[in-house]
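Below: a set of structures, written as structure tokens.
In the two complexes below, subunit A is the common chain; its partner is subunit B in one and subunit C in the other.
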Partner chain A sequence: MKYIKKVLGEDLRQYTMVVALVALIIVFNIASGEKMVTSSNFQNLISGNAYVLVLALGMLMVIVIGQIDLSVGSVAGFASMVMAITARQFNLPWYIAILVALAIGMLAGAWQGFFLSRLGIPGFITTLGGMMIFRGGVIWISNSISVPVPSELKWFGAGYLPEWGPAFTGMNNSTLLLGVLAIAVYIIIQLKKYARSGDITGEKEEFWPVAVRIVLVTVVIGYMTWIFGSGRPGTSFPIPGLILVILIILYHLITERTSFGRHVYAVGGNKSAAELSGVNVKRTYFLTMLNMSILAAVAGILFVGRSTAAGPADGTSWEMDAIASVFIGGAAVSGGVGTVIATMVGGLVMAVLNNGLMLMGVGADKTQVIKGFVLLAAVAFDVYNKKNRR
Partner chain B sequence: MKAKKIVSMLMTVAVAVSVLTGCGGGRTAEPTSVADTAKTAETEKTDSKPTGNSSESNASEGNSSKGGVVGVALPWLGTQNWAEAEVMFKEQLEAAGYETIIQAADQKVPQQQQQIESMIENGANVIVVGPVDGTQLGSVLEKAKDAGVYVIGYDRLLENTTGVDGIVQFGSVKTGELQAQALLQGLEELKGEAPYNIELFGGGPADPNAPNFFKGAMTVLQPLIDDGTLVVVSGQTEFTQCATADWDNSKAQSRMDAILAGNYSDIEIDGVLSPNDGIARAIITSCENAGQPIPVVSGLDAENESVKWVWSGKQYSTVAKPTNALVAKTVSIIDSLLAGNGMPETDVTANNGVIDVPVYELPPVVVTKDNAKEVFADDPDRMALLTE
Partner chain C sequence: MSDGYILQMKNITKTFPGVKALSNVTLEVSKASIHAICGENGAGKSTLMKVLSGVYPHGSYDGHIIFEGKEMAFKNIKESERAGIVIIHQELTMIPELSVTENIFMGNEIVERGLINWDQERKKTRELLEAVGLHINPNTIIKNLGVGQQQLVEIAKALSKNVKLLILDEPTSSLNESDSENLLKLMLGLKKQGITSIMISHKLNEIAAVSDYVTVIRDGQTVDGYAVEAGKVDENKIIKAMVGREIENRYPEHTPKIGDVVLEVSDWNVEDAKVPGKMLCKNSRFNVRAGEIVGFAGLMGAGRTELMRSLFGKTIGIFKGGTIRIHGREVKIDSVQDAIKNKLAYVPEDRKVLGLNLLDSIKKTTVSANLDKIKTRGLLDFDKERAAAEKYRVSLRTKCSNVGVGVNTLSGGNQQKVVLSKWMFTEPDILILDEPTRGIDVGAKYEIYKLIHELADQGKAIILVSSELPELLGMADRIYTIFEGQITGELPAKDANQEVLMKKMTITA
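The block that comes next holds the complex of A and B.
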């Protein structure tokens, strides 16, 4: 146990969900006759859930500041419908259409941020209004009819990395390159951290935990690289997955390393204390809501790319999936607690559950029931643990 | 010195990665065996003599099971025709000896996309898709095509994708024409001399059939509206004005309430074009609540409740699209595909925005009180409803 702690860090509890995730994958793989851990299924898993995970990134920050955003599904639907109409009816190129979608997301976010931060209307009410406004808007501008999008946009929702280079690697070389790059970056970070470790205390930490960590991560990333890269030729790690990974890194850095990130946690933890210590609470509220709606637009783009058409019902109840991911990831309902990585694990738990149950042919009705129980169990477990710690 | 360490680490990584990839034995195009052989057989068939029928070629594979996995993705089970389809597909496909995966998507597009993907993962050779929204399955169906899976659209067109091999449906424009003709027949029979006051209702715009029903109906009604035989009192004659989002009966009922309150305070309504039975009943209920005489109303699907209403004279007509016939037609196409005979011939094609898709159309049947007993002669469940 002591050795495990040295490798993984003092707080082992944060790995509960990771263990649950791995256990789920293994159980489903056995139960479905080894259909879970295959290249194509993992590709499906990522491209089919990227939009929810993108939403969860923004939702995490909203929940950390102690608010909730019910409008994200509607905003995603609205932004992507505007995008489709821009491209289809006004014949503008696809990249302009994407910019328009992002701009719509930004405007929607500014609108909600304004009501929350300037007028002090609770986020629940503001975004409940937004949910109706933007849902109505989608149906209004589309006349309730789906609008196909240009085929270039398909790349964002269902595309794969290019094939190149030698065939002897036995997999998609773009994916291989990504995997090697990821491992290299991780190693460099770990070694730098190790090199710095004695600077303050004067006592260098042991090297072996670092080495074990590196080997572990190398094996995991290497395995993932192989799983995603060795599918049918023409397939690879999916583009929506790549976009998601970039966003995860970006938001991990924002929440952990920037002053804005620290403000988000400060405001969520104790609003008055944050205000007294000079944090601009209104600005933090505003930016968090703005950011959420931009990410909603991104999620809409990913989904429409996969669907090849924007539909009037797009985004219905996506907010619920995003919120569930955040809470399964261990965020606190009262705000102030939650991390990007844990949220992604929470989202993946939901995704794997959904996917595994479908592979086993379980109907949508029962899947829904099971997901509900998992959400409750995860949060109950979390609350129980926190109580015991005190 | 640090650089040296990094280099050595990178080498370790390279070794680790190559070991991991090496043990996998490289990538292969995962073939779905039966579909592959079926497709090969299909291409071979063009230059070989058409020997034997499908049952003979199946016999070689063993008599207990014909083999083959069939996936059926349905939009939901909330209306009688879809609920029936689920049961009938299960019975008929299993009777034919196929392994069957049936899933309903609860009207959610993402759910349906993932269900279709999981059917591909489960090795389906043919996937039958009753889409939630026929335009939104593009990339998923192309994935099926790439994996060598046949895709058959059931009841609705699959648009905006190359990954579709054929559509089985009731002629939807024809259905609309029949609805309108039944409405006219009823008006002449029950409401005396022209002109008649009527209102128009359409189905859910996300369903590509809905505009076609309406279009078909309007080819019959529009000339009579123009010459004054029919009067649409509310003036709402565009599909977008008449449409009922998601085929939601309660939305149709509120629209009818509003139309009656706004336009029929001192006149009587004679007839209503309704795109399906649920909406027809909502319209009739609305008229009853408003104190109007029951108008002549068309319908579709021959739902049990509406069959009763037609029999009692409350709803003038419905159009039966016997689910059994549609499922049987679909299963016969699946038989042909899995026996290696490819898609059957058809004259009708429909452009789905990308390609021309072969369409297998079945004729719908108008049901009124007069012919109900003949139409449902082979349907004991519905015959039982006609005795009361």
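The block that comes next holds the complex of A and C.
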């Protein structure tokens, strides 16, 4: 145990969900007759769930400030529908359409942020209103009819990285390059960190845990690279997955390494204390809601790209999946607690459940029931753990 | 033997883990009188009243309570209320969204065949309101009433329970002058109807106006008690009894090095946001010099915290004018951010509610008010964060296993040190410390005192707000007294003593 702690850090609880995720994958792989861990299924899993994980990134910050956003599905649907109409009916190029979608997200976020931060109306109410307004808006402007999107947009929802270079690698070289880069960056960060350790406390860390970490991560990333890269020719690590990874890194940095991120946690942890420490609480509320709706627009773009048309019902009940991911990831309803990485693990647990049950031929009805139980179990386990630690 | 007494509390002793809150307190209250209880903050007045009203049930204290000649053993508030003892707390306990009628009969509804008889309730409410001199519709929603009126409704509620002994805990602390006068008149009226009142109050002028007898409690003991004659009270005698104790040598030696005036506040006015017309600060005017520790003395509710918080970015009340000069230059401070920019720091009185995010670690808390200082190329630098936290852990002698642990795992004294590090990290020129040693044990207090001296020696201007007079006398170089939002006195600490201060804290000069 002591050795495991040295490698993974003092707080092992954060790995509970990782263990659960791995266990789920293994169990489903066996139960489905090894249909789970295949290139095509993993590619499918990622591109089919990227939009939920993107929503969960924003939802995490909303929940950390102690609010909730029920409107994300409707905003995503509205933004992507406007995007589709812009491209189709006004014949504007695809990149203008994307900018329009993002602008819609921004406006929706500013609208909701205004009611929360300036008028003090709780996010639950503000976004319940937004949920109805934007859902109604989608149906209104589309006349309840799906609108196809230009083929360029499909790249964002279902595209793959280019094929190039030698064939002897036996896999997609773009994916291979990404994997190698990821491993290299990780090694550099770890070594730099090791070199600096002890500068402050005077106690140099031991080297072997660093080495074990590097080996572990190299194996995991290497295996993932193989899985994603070795599919049928023309496929790779999916584009929506790449966008998701970039956003995860970005939001990990925002939440952990910027003043704004610290303010988000401060406001959620103790609003009065945050205010007396010079945090602009209203601004923090506003920006968090604004950010959520922009990410909702991004999620809408990814989804529509994959389904090739914007539909009037797109986005229905997405907010629930996003909220569930955040709570399975260990966030607290009272705010102040939760991390980007844990939320992503929570979201992947939901995604793997969906995917695995589908592979086993379980119907959508029963899947829903099982997901509900998993959410309850995960949160109950977390609450129980916290109580016992005291 | 209980002749003439409605209540006798004999040899009441109440201990909390590690603290003896009351020891052998005796209180005898005559029938149909107004009995005042006074004492410093934390002297044990409220504890005594909680024992009486059954908040601390029979068995959790030693001693006897004899009410109307019978020994009582209340297990909860319900039982004491049934006997006719009703307590009205400082903070009103009514439900703001409900009507006067609903509040008065809350938990005590007039029920017929399972349904509430509203006509009956409204009729009785009207009678009760008349009795307290309140001419309003019984259907009025509580939140639409002023604080003074709400208090009268509380008393009406007490009357509905056939009250014999009414306990009022600092009844006028949140009222403006005319409402206070009304309330005191009502108390005299109730006395004529044979209802006894116990009034806890700091305000000697009010005690002089209405009470028949005064009991003084200090450090959990009854120290003095005498009848008030014909509306006259010997204030000096009460003050002496309230403060009584000697200053022990609990404060480190220190020779101040006082420089130029750093902070100068003039004509500072703030109105209570909840009670129109009530001023939290009235024309406050004071200054603090570099290297100087300036104490602010005042009883609870006098407006010390309100003054400080309104200076620190106007985070309380409605600002009604006034100027702040720092190093002789007038500055505009409209938010906490402005205050921090102008090198002000404020360590709030309630550590857990206002000072800390209890979910955070020591290092995150330390840097939280000055994140820019730990940035490298725009991103927070964890090495700098750790280095800063380590620096203050060492210099403030904070006891913890490492700076990564949560602040919720620390003792009160160490938590306070973390709050202090957080504000020292903003490199302030002016440091406002609001009750910095509340809830901290004696040893840790001494360390905090030494830190305050170190900070003063670095040339910082320090404002020390405290309810403990010995602390102010032991620490401050100069002391201001506050009473009802007004600065009533200023004197060098060496010329001050507890009696002088207490006098200025209780009477408008």
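Here is the rule we use: the second predicted complex is superposed on the first by the 390 of 390 C-alpha atoms of A that agree within 3 Å, B and C clash if a C-alpha of one lies under 4 Å from a C-alpha of the other, contacts with A are read in each partner's own complex, and residues count from 1 in each chain.
Quick note on the criterion: a contact is a pair of C-beta atoms (placed from the backbone, for glycine too) under 8 Å apart; a residue touches a chain by one contact, two chains touch by 3 or more.
Since the model is a prediction, treat every value here as computed from it, not as a measurement.
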- After lining both complexes up on subunit A, report clash or fit for subunit B versus subunit C. fit
- subunit A residues in contact: does subunit B have more, or subunit C? B
- Task: Name the contact category of A:G231: first (subunit B only), second (subunit C only), both, or neither.
- Result: first
- In the superposed arrangement, does A:M171 touch subunit B (first), subunit C (second), both or neither? first
- Message: According to the stated criteria, A:L119 is in contact with first (subunit B), second (subunit C), both, or neither; which is it?
- Response: neither
- State whether A:S272 touches subunit B only (first), subunit C only (second), both chains, or neither. second
- Task: Kindly classify A:A184 by the partners it touches after superposition: subunit B alone (first), subunit C alone (second), both, or neither?
- Result: first
- Item | Minimum Cα separation, subunit C to subunit B, after superposition on A (Å) | 19
- State which residues of subunit A lie in both footprints, the one left by subunit B and the one left by subunit C. none
- Name, in rising order, each residue of subunit B that touches subunit A in their complex. 2, 5-6, 9-10, 12-14, 16-17, 20-22, 24-30, 101, 103-111, 113-115, 117-118, 120-122, 133, 135-140, 142-143, 146-147, 159-161, 204-206, 240, 243, 245-246, 353
- Item | Interfacial residue positions of subunit A with respect to subunit C in the complex | 196, 199-201, 253, 256-259, 262, 265-266, 269-270, 272-280, 336-337
- Parts of subunit A lying in touch with subunit B, wherever the complex brings them together: 35, 38-41, 44, 48, 51, 139, 143-146, 148, 154, 157-158, 169-172, 176, 179-180, 183-184, 187-188, 191, 195, 214-215, 218-219, 222-223, 225-226, 229-234, 303, 305-309, 311-314, 316-317, 354-355, 358-359, 361, 363-365, 368
- Message: So in the complex, the part of subunit C that touches subunit A is made up of which residues?
- Response: 312, 315, 335-337, 339-340, 346, 348, 353-360, 364, 368-369, 371-372, 375, 378-380, 383, 386-387, 390, 422
